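The following pair of complexes shares a single chain, subunit A, combined with subunit B in the former and subunit C in the latter.
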Partner chain A sequence: MSEEKTDKNAVTVKGDIKPWLAKMPEINIMAEIEPIFILGEKDNEPDLSHWTKLGKIIADRIDEFDGFVVTHHVHSLLAAACALSFMLLNVSKPVVFTGSQIPYMLAKKKTDKKILKKYKGLGIKANLINALQIAIQGPAEVSIMFGNKLVRANQAHITKSLSLNLFDAPLKAVLATIDFGIKISEHAHTGDKDALKFSANFDDNVSVVDFNSEQNADYLKWVLEKKPNGIIIQTHNPESALALLDNLIPVSYDMPILIHTDIPYSHSASASYIFIDNMTFEATVMKLKWALGQTNNRKKIAVLMKENIASELLEGEE
Partner chain B sequence: MNYHGIALIVIGVLELILGISFLTKKRIGEAVRWYTLLIFSVSLWVLTNAVAALNDNYIIQRFFIEMTYISGGFIATTFLLFTYNFPSVKKIISPIKIFLLFLPAIINIFIILLTHSYVKGIEIVNGAVQEDFGFMIYIFSAYFLIFWSWGMWNIIDSYKKADGYHRWLLKYLLVGVIISATLGITADIILPIIHVTFPGRNFLGAEFSIVWLGFTSYILVKKT
Partner chain C sequence: MKIYFFGPTTEIANYNKAYEQILEQLTKAGLQTFSKTESSYVTPISEDKMAEIQAAGQSVLNHVDGIVIEATAPDSEVGYLLAHAILQKKPTLCLYQKGAQIKKTLSHLGQNIPPFIIAKPYQKSDLESIIAEYINLFGIDPEYNDVPNIKFTLRISQKISHYLHWKTHNTKKTKADFLREMIQEIIENDEKYKKYIINRKK
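Then we have the complex of A and B:
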């Protein structure tokens, strides 16, 4: 495994998987692996169509394997893992996402070479080995394995781009830590569950408007003209956003509008908007897409958004 | 006041607590199992040294000095088996092979309990314990060094091939093991064989295990 020559490690076509795995003999000792190719590293970013395909493969073959490891581009890994967590409700086997921050062309930059030298790369092999160990005996839920932490996918957030632990989560969503072995947290899902509910219906027509940097009224008007099926407003100040929205949103507008804030208890109740302060932004986006795929009834969507569907609600806020 | 004995009791108990903390957590994997056994073996070694240090009675002191070689045998084997499983399984070792790897340590127990071929006698020279070693000390030293070097080779090999978090783990483990083992082997094997003795020399090796304990704790606490 050479991360100094990352382009030589790239899996671009199905045929690259076997030689890539052959560079890590430990992997083949640990488990019997059946690789499935969906998208190559040099292809475009994966989207909902790829994740739906992935979810369907897992749902169809859930009884054949002890667990599933998904290696994924890091840029959209969090969105993918969130999508799978809503797609595969009551999943009875571990579904572990992992990857590396090092794209195949990154090692050519001088600054990055220092980091590559320090850790001999940011852990493609280590992440994969740990993810595989989790997939064999870890918690039965969709999770992300990076560095020394396994975190619940729909409560995870990105930390620093060039750190071993690219993803973190609140304490109760850290499902396992790695040191001399893998220590599974008591918060991880291990008990009996209902039957798997696979639902790949997502509505991708959701727009996001960022009110954090400035009250971008013009942009919101433009978004409204596009008629998305749902809108998420990101803001640190829900009250001032609310005042602006009341002037901008037509009374006839009947699509769900979510106001997402990271600051809890910073808003008053509103019948027109759904306030979300107990979910990560990524989980909120994916959950709205999922909820829109289940129903187009605005009230039902509001109820679904408040319900703890896939353990996505941050602890203490339920 | 016997400071060596007290220090060893403290170190041994700390190692015992560390081993128990490994046992109480939900864990998976062979590496943790072997590392826990290694911690208990080191703890037993330190505590038997402590009892020897705290006793002036010739028979008890000699008995416990011999007993330290029982835990020594288990340290060598559990360390080797740990290195085959850390940070991931390098090789599947069958139960028969595991038994064969433990066999020298098991035979060692009978040799120690039934004969005095390790320590023929002890005497106090200038306030320091001087052992009159039997032939088994040379066989044990060779066995211990072979197993230890074999384990070290495994760790160095894993380190060379590892990346990311595994490389970080192996680096600290390697530094801790190298420092404590070098000092411990020097104090407990090399110096006695070449008849270098000074007060407290017998117990230095066990005391140096604090270095290894420190690095292990650092790995457990520090999360990169």
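Then we have the complex of A and C:
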């Protein structure tokens, strides 16, 4: 999260957090902050084991804080936030993910320092300030704060524009916008909820096969040999993928196979496969991992995948 | 100068009058102020510009020149605005009345209150001088601010209107320019006023 990622101000070990926070006195006037260290900036990309640890800390200490801010590597932030949304069902406090959209290597080149200068105060620390304010007064759900938009984590996608709003979501999943203050949307979760349900059981043995650009039968065969507990096929053309799958998947294969498409209504029903056209890809992957962690019954998994577990199902705009 | 004013709405009934007084003084000092109410935002930033800022993911606060906060009523947005003000180095005036908790909030900054943040207790009678001090942050002395940015409605007789029309017809001056220049000339020749300004500065 630091603006100039040198060894001096990067958070690599637990002891780095306090000096790092001390460099931003402005955030200390907003709230009392208790930092918790899980993984350093220079460590490997976080995975489910780190997210489970994070979820457990939040679940265990939910009553101690007004909200939680998670600063995270951008690359896997969406997956992390999706995981937390399924892990912390009915969460009663805001859990806000944020980070820095300045890539780690950028700060090293002299020419790129101009970009850092341009972003200074607008994209990096501002994300943290906004995320903190959301943690204080924002909606009780898992969300992502970047630029001037707060979006529901499990309906978010990465934007392809050169905007500080690195993440976007359909209108009903935009939970707040920021102009001179934070404007909470009517679609944000408020009011009473059932008790928090913490479930850290995820099955990470899920394979993804991308049929969007090419229907690679050889790759699918290789994946099947690895015996994953679930497979997700990504395709823009479900009907065509279906024809290929019918020839490749053995009848005896009893693990759930999801066909994910971004194009709704583009498929017919199938008893053998679970079609998903109303969830983001990231949410689909994480939900399948979560569902496999709840049950190994294929039919029950199919039901769970269709159920709106954590407000992850995309709704049509009115 | 575009100034964003914020007063918490949590105890609006108690502080509305104070907010109005501050806004009035800021306007008198020649600043273009705007604030938000619970239901609407009135800003001098055009709709197109706002849409552009929103799409770029930028902070709207970066497009104002300064921030004024009435921080007597406790509100988490005060700390939030101050944080953005510090981050963006915006000249900020933080006003509070007796008993306000803002001093405790600011104490978290320790000795590091930036020079562009002025935090002051105030009474109605102090407002003018405090705002003058705030305006100095922009390098503008209100008494020497010649920018005609204060809207002033003046009722005139048909006779004066006829004269103004005759006087400015076929010239490049507007009626408003003519009147402004005339008043400017009066100010420059008013020795009594000049003495008053010098004494006030002392």
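Following the convention adopted for this analysis, the second predicted complex is superposed on the first by the 296 of 318 C-alpha atoms of A that agree within 3 Å, B and C clash if a C-alpha of one lies under 4 Å from a C-alpha of the other, contacts with A are read in each partner's own complex, and residues count from 1 in each chain.
The criterion applied here is as follows: contacts are C-beta pairs under 8 Å (C-beta built on N, C-alpha and C of every residue); 3 or more make two chains touch, one makes a residue touch a chain.
Please read all numbers here as calculations on a predicted model, not as lab measurements.
Novice: Put the two structures on top of each other at subunit A: do subunit B and subunit C fit, or clash?
Specialist: Clash: subunit B and subunit C overlap once superposed on subunit A.
Novice: For A:133, is the partner it touches subunit B (first), subunit C (second), both, or none of the two (neither)?
Specialist: In the superposed model, A:133 contacts both subunit B and subunit C.
Novice: With both complexes superposed on chain A, which partner does A:125 reach: first (subunit B), second (subunit C), both or neither?
Specialist: The answer is both, since A:125 touches subunit B and subunit C.
Novice: Quick check on the superposed pair: does A:154 touch subunit B, subunit C, both, or neither? Answer first, second, both or neither.
Specialist: neither
Novice: Let me test your reading of the model: by the given contact rule, A:284 touches which partner, first (subunit B), second (subunit C), both or neither?
Specialist: neither
Novice: Just checking: does A:235 make contact with subunit B only, subunit C only, both, or neither of them? Give me first, second, both or neither.
Specialist: neither
Novice: Which of the two partners, first being subunit B and second being subunit C, lies in contact with A:28: first, second, both, or neither?
Specialist: second
Novice: Using the superposition on chain A described above, determine whether A:178 touches subunit B (first), subunit C (second), both, or neither.
Specialist: Both subunit B and subunit C are touched by A:178.
Novice: In the superposed arrangement, which partner chain does A:186 touch: subunit B (first), subunit C (second), both, or neither?
Specialist: After superposing on A, A:186 lies in contact with subunit B but is clear of subunit C.
Novice: Same subunit A residues contacting subunit B and subunit C, which ones?
Specialist: Correct list for subunit A: 26, 29-30, 121-123, 125-126, 129, 133, 137, 147-149, 163-165, 177-182.
Novice: Using the touch definition up top, name the residues of subunit A that touch subunit C in the complex.
Specialist: Answer in residue numbers: 25-31, 121-123, 125-126, 129, 132-133, 136-137, 146-149, 163-166, 177-182.
Novice: Spell out the part of subunit B that touches subunit A in their complex, as residue ranges.
Specialist: 22, 25-29, 31-32, 35, 86-92, 161-169, 219-220, 223-224
Novice: Looking at the complex, which residues from subunit C come into contact with subunit A?
Specialist: 4, 6, 36, 41, 43, 50, 53-62, 76-77, 79-84, 86-89, 105-106, 108-110, 112
Novice: State the interface residues of subunit A toward subunit B in the complex, per the touch definition above.
Specialist: Residues 1, 3, 26, 29-30, 119-127, 129-130, 133, 137-138, 147-149, 163-165, 177-186 of subunit A touch subunit B in their complex.
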